[in-house]
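Look at the two complexes coming up: chain A is in both, with chain B in one and chain C in the other.
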Partner chain A sequence: MTRGARLTEWVALYALSVAVALALASVIVEATGGDWWPVVEALVDGSIMAPGRWGGTLGIAAPLLLVALGTVISSKAGLINIGQEGQLLIGAAVAVYFSFRIGGPGPLNVVVLLLFGALGGAAWASISGLLRYWRGVPEVLSTLLLVFVALQAVGYGLKWQWLLLADEASRGNRNLVSEQLAKDNRIPRPDIFGNEFPITVYVAVALALAVAYVLARTVWGFRLRMLGHNPRAAQRAGVSSTVYGASALAIGGAFAGLAGAAMFAGGGFSFGNYRLVPGFSDNIGWTGLLVALLARERALPAVVAAFVFAGLRNGAGFVNSTGVQSRITDVVQGLLVLALLVPPAVVFLRDRRRARAAATERV
Partner chain B sequence: MTDTTTGLTGTGGSDPSVPAVELVGITKRFGGIVACDQVDLTLHRGRIHGILGENGAGKSTLMKVLIGLVLPDVGSVRIDGWPRTIHDPLAAASLGIAMVHQHFSLVDQLSVWENVALGEEGRLKSAGVRDRVVAISQQYGLEIDPDARVGELTAGLRQRVEIIKCLRRDPHILVFDEPTSVLTPEESEQLFGTLREVVAAEGRAVVLVSHKLDEVLHATDEITIMRQGRVVDHRPTHEADARSLARAMVGREVSLRSERAAFGLAEVEEADGESQESDVGSLADIDEATDVDAEDRRPAETTKPDEPVMRIEGASVRGRGGARLLDDISLDLRAGEIVGVAGVEGNGQRTLGDLLSSLVPLDAGRVVVNHEAVPTGSPGAMAKAGVAVIPEDRHDSGVVLDMTVAENLLMVDPHRVARNGVMDKARTAETAQQMIEEFDIGCSGPDAPLWSLSGGNQQRVVLARELAAEPEVLVAAQPTRGLDVGAIEYMTDRLRQTAIDGVAVLLISSELEEILELADRIVVMSRGRIVGELSHAEANLETLGMLMGGSSG
Partner chain C sequence: MLIDFFSAVGDVLSSESTYINGALFAALLAYAATGEWVAERSGTLNISVEGMLLSGAFAGILGYHISDLIVVGLVFGVIGGLLIAAVQAEMSHRLTADQFVVGLTLNILVFGLVGFLDREIEPQALRASTVEIPILVDIPLLGKALFGEPWPFYLLYALVPLSWWLVYRTRWGLELRAAGENPQSADVSGIDVNRRRRQSIYYAGFTSGLGGAYFLFARIAAFDDSVIGGQGFIAIAAVIFGGWTLWGTMAGCVLFAGALSFQLSLQGLGYELNTELLQALPYLVTLGAMAIFAKRVRPPAALARPFIRGLK
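For the complex of A and B:
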């Protein structure tokens, strides 16, 4: 199939899929007594059209993209890492812990903080790597279950002042919050055309380019893909599944952890406000996983996918103000997410069927 | 080769003069490929009908039409004179058509009678099924213990289970698809005896699909030859001889040894004056052409270096549950020689291949290459030590289907085209293009996905890559399986040339003819052990067959 034909096919598939989702959504909204057109308008306004909104969308897109990039790397190695939510939270917590203890001048502290975030996420994901390659525990289980451990661990850390809890003076009457990050230790948020967003957006896009390059062009990326496609052929060719697999998991975790640290120091999220609080991760890890799925585990398409998901998420805030019940708007949002995931799934299944047919025909 | 149109005690009581099966003008296309092109086939009760053809000649598709796995685009099927449409295998079964497949569909964990009863509906009476198994096995001389666990049976016995499974449904029409590919010569012999009996005593119609000439000549009453989806010849077996059949099958004169090997025409006469004409007399005239390529007598016979390049010492591997996959194997390989590992499939050859592919660690013993022990099961260790492998199943560990041809060619040594860990695009394409040309790999270019290549070309990719590493040892496991004649010829020539170039070649194969043709020295594996070693001169089909069946142990 030619490139043009492929592109047309993709566009058609998405158009159809989104149209079906919108139709279903309108039926649901109307049936529950709302008006569906204002909902669509609110979604578009809230994500990009209204003043200052696309900055917010970009701010959400950055951590989503980071999480997705990590997912891309671990899945290229044939691993199913679904614990980004926990890795992100641990990354944020580690970043918070060291940020307040190391101190230092602003920009340096930001770098230190992001570094520790990545390290924290990597360490957390490495638990799964260890279990997988030392004891044979499937990573899909361990990464998932460690999410819940991470939630509890951070909750525990927020109860003790020697861990994450802020001292009484700065937390006021709140419990379970960390110290607030000092103004000069935050990631800069320049204002562009009335939209402000943290510069991590640039970092995330640069990292997407880097990941795409590393996977496609370096020996390391080549061998990682080999491992993912055919572990036995890789083993024969000298790719150690332990070394490459464990690194891929750790790097995946590092990206999630980095996302967590960037959320903490970059602001722009509805709650947190430069503090670590329970529920801080706010489903960014899970959504980032979806972004990677939507991008079919490729780094560059993940940039677009991250923006689309961030837009949905940011726009949802406006939809809530249309008077439609928030449960219904959740359903609408879910339908749209589903609509975005259907075309890649359709194409994937078809390609695989074709490949199999080709393979069996040629035996 | 007498005509056996005797004993028409037709099971269905229908008129014996009406053919059991008539396929008329069957045409089937897959995409642009015509698998069957206006094929006619008539099967009579009480006769064994051989269908001969190369891989891809359309034999399998034709049989799939008969048992309802494929619906023809054009053409009609008549069973006992009645026009029928066979939509699925169940319909075929109800018409009394059964097939013994090349690959067994048995459950290893279950006993023989349980396997026979699989697919049965309603309440299962174990005693009844057991009795039935015993009755069938006595009736046809297919001796078997109904309570034996299938996983513990030899390939020959497993096939018996498959046959009993088929016979239990009392089919009028029996199809055997390449039945001898997993059998020792002796077991094949027995199978044909049984077939003869089934046909003679009960007037069933039997189809024997094969690409081996001697087997078709030996066991059938009439022969249909297919080439490129068409029937090119049809004649009674007593009017056929090996040479003319081979010619009809390939479409040209056959003289090369490798081709002869591909058809199962062994050069048994090479064993010092011993006469092995017991089976197929008609082979004699082909053997005149045997020593065409006498000039490539292997150098190993004249200059025999003493130092082995690779030593396998007391190698043992245990599988799950303690099964001995490899049991105390010792083997030396010298530069320039081809050592053949013969044996019925499933006797440890796969594990031996995996061992030399760094896929399996040893439980005892060691592998030494150039005086240095190679860590077993450690990623890439064997490749690094100079052991190249053409694996038994290339899709398993030989290639990555979802990667490009270039990537597959560079899998083992990507650093060759890399600078500072980054692969140079131009050098990658250039190197790959060179290899594609040198090994004549049919593909649209270095960037073609590997799955778009035919099996023979995929195998060339493996060969090119492995030889590019300039190995000390080349392990070729079933290197010609599933390839067509041209590809087989290419592969055998390459292997021979590799040995001449001074590489030690370990040829693991279940095709005895291939081993007899290529190997300087032959070891025979049975149940994970080496049960015998023969020089090229000592080896012949009979001695090998006996060793393979484990009759020495």
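For the complex of A and C:
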């Protein structure tokens, strides 16, 4: 088959799969008595078209992308980290804890705060790494179970002033909130055409390029991929699964923790307004995981996927007004990920069948 | 402080509700873990069990909503579980998509879907009536928990031995275990490996769907998207804890459910201990138990390795 025909086929297959997924979602909307077209309009309005909305979308895309990049790294090593939600929350909490205890100049503080966030997330993910390589506990379970532990740990921290709780003067009559981050410690949010978003967006995209480069072009990235593809071959080639696997998990956690710290210091419509509050992580960790899955665990496609899912999430705010529950966007996200799994599998199976047919002909 | 703690533990252990709650959660875990155990013996690590439970619970309340019959609710629950199983099985063991990616996505998709449908439809249900088995129910402490339960509970007494019999005493079970231990050899001897794996996932969908619906009718009879709240993953942990034997798996279910019910009872009895620590307790116990036991057991040799003929 020529290259052009192959490309057309890929595009057609993907287009078909996505169309089926969207059609299924619209059937679900219609079946529950809604109209699908107003929902689409609301999504487009809420994510891009309405004044000031695309800035919000970018603001959501940044943490999603960061979480997804971490997931890409750990999954390249063949590990299944599904605890991003907890790693993000712990990262945010550690960043909050230190942000009010270090007193450097503003811009430096922001950097230090982000670093502490990354460290917190890495430490939390490393618990799973330790359990995996020392005690043989599958990381898919330990990362997940630690999410629930993280939620309680941060809830506990928000009850005590020596941990995270703000003093009475600054929290008013609210309970369970941290201090508000001082103005000169925040991540800048430039205003472009009436849209404002934290500059974390640029950082996240730059990191995506860096991750793609490191995975594809460095020895470290090569070894990581080798470990993911064939652990036995990797071991024979001198790649320690403990060292590389544990560091892949830690780096994955660091990205999630960085996302949490960036959400705290970068503001945004639902991220607690520069305070740590209960429910702060707001499913960003889970959605970030889905972003990585949608991008089929590759760094550059994750950029696109993050913006699409951020758009769906931001647009969801407009959907309720159409009389359809906004959680339909969660359904759309899941269906999209499943749909994109189909084309590669179909092509793989068909190529194999052809190869086998060709082999029997030759005999 | 320490004396307080011991008296609290004593009170919890001597309160009947601890055991009733424990049995409730243990049954939910056992329904899910039984199917999950069958699936894992065939070599597929089916992590969509959480989604199957949730789908079963929602389909259960939907079935009751339209028919006012708990039996219909249970049948719907089974169908709900089987639907998720169908996607998982066909995508990962026919289309060769990655089983973890499919499973994770399904969990999140089901979570969104039932949350959406719940708010659109707002189904209502009633608790299933309890059936007390005479004499046995009068056993102190444990009687009510084991023999005075809502009637769908008793299906478990048949389901678990049946699953054991299917896996260890039938040809189908032998082929299934072969697919989990050495798929290449199984394939050569004429067993359709991926077909056995699909069937085992359907079996997991059946038990988990039933379990989700059971839990709904046994506990609160109202739906909420957090009703399962990670219990499916704890069921997977129970299978690992049990070393891929059915009885070990059941022991894991009882232990993890015990931790959960201990926490609930302690709060119910009004003890002011550290609530966050208590809430995290079931997860910490699960993690701790796995840290101790995960290395001492041997998983099915081909667990979580996809089988594609001609590829190793």
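As a working rule, the second predicted complex is superposed on the first by the 284 of 363 C-alpha atoms of A that agree within 3 Å, B and C clash if a C-alpha of one lies under 4 Å from a C-alpha of the other, contacts with A are read in each partner's own complex, and residues count from 1 in each chain.
Definition applied: contacts are C-beta pairs under 8 Å (C-beta built on N, C-alpha and C of every residue); 3 or more make two chains touch, one makes a residue touch a chain.
These numbers come from a predicted model, not from an experiment.
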Dominant contact partner of chain A by residue count, chain C or chain B: C
Partner chain in contact with A:L144 - chain B first, chain C second, else both or neither: second
First (chain B), second (chain C), both or neither touched by A:G194: neither
Partner chain in contact with A:G33 - chain B first, chain C second, else both or neither: second
Which superposed partner A:W220 touches (first chain B, second chain C, both, neither): first
Which superposed partner A:Y156 touches (first chain B, second chain C, both, neither): second
Partner chain(s) touched by A:L290 [first = chain B, second = chain C, both, neither]: second
Interfacial residue positions of chain C with respect to chain A in the complex: 45, 47, 87, 91, 95-98, 100-102, 104-106, 108-113, 115-117, 119-121, 230, 233-234, 236-237, 240, 274, 276-277, 279-280, 283-284, 286-287, 290-292, 294-295, 310
Residue numbers on chain A that touch chain B, as the complex places them: 217-220, 222-223, 225-226, 229-230, 232-241, 355, 358-359, 361-363
Residue ranges of chain B in contact with chain A within the complex: 30, 33, 357-359, 379-384, 389, 391, 395-403, 407, 410-412, 414-415, 418, 421-423, 425, 451-455, 458, 482
Contact set on chain A toward chain C in their complex: 28, 32-34, 80, 82, 131, 135-138, 140-142, 144-146, 148-149, 152-153, 155-156, 159, 286, 289-290, 293, 324-325, 327-331, 333-335, 337-338, 341-342, 344-346, 348-349, 352
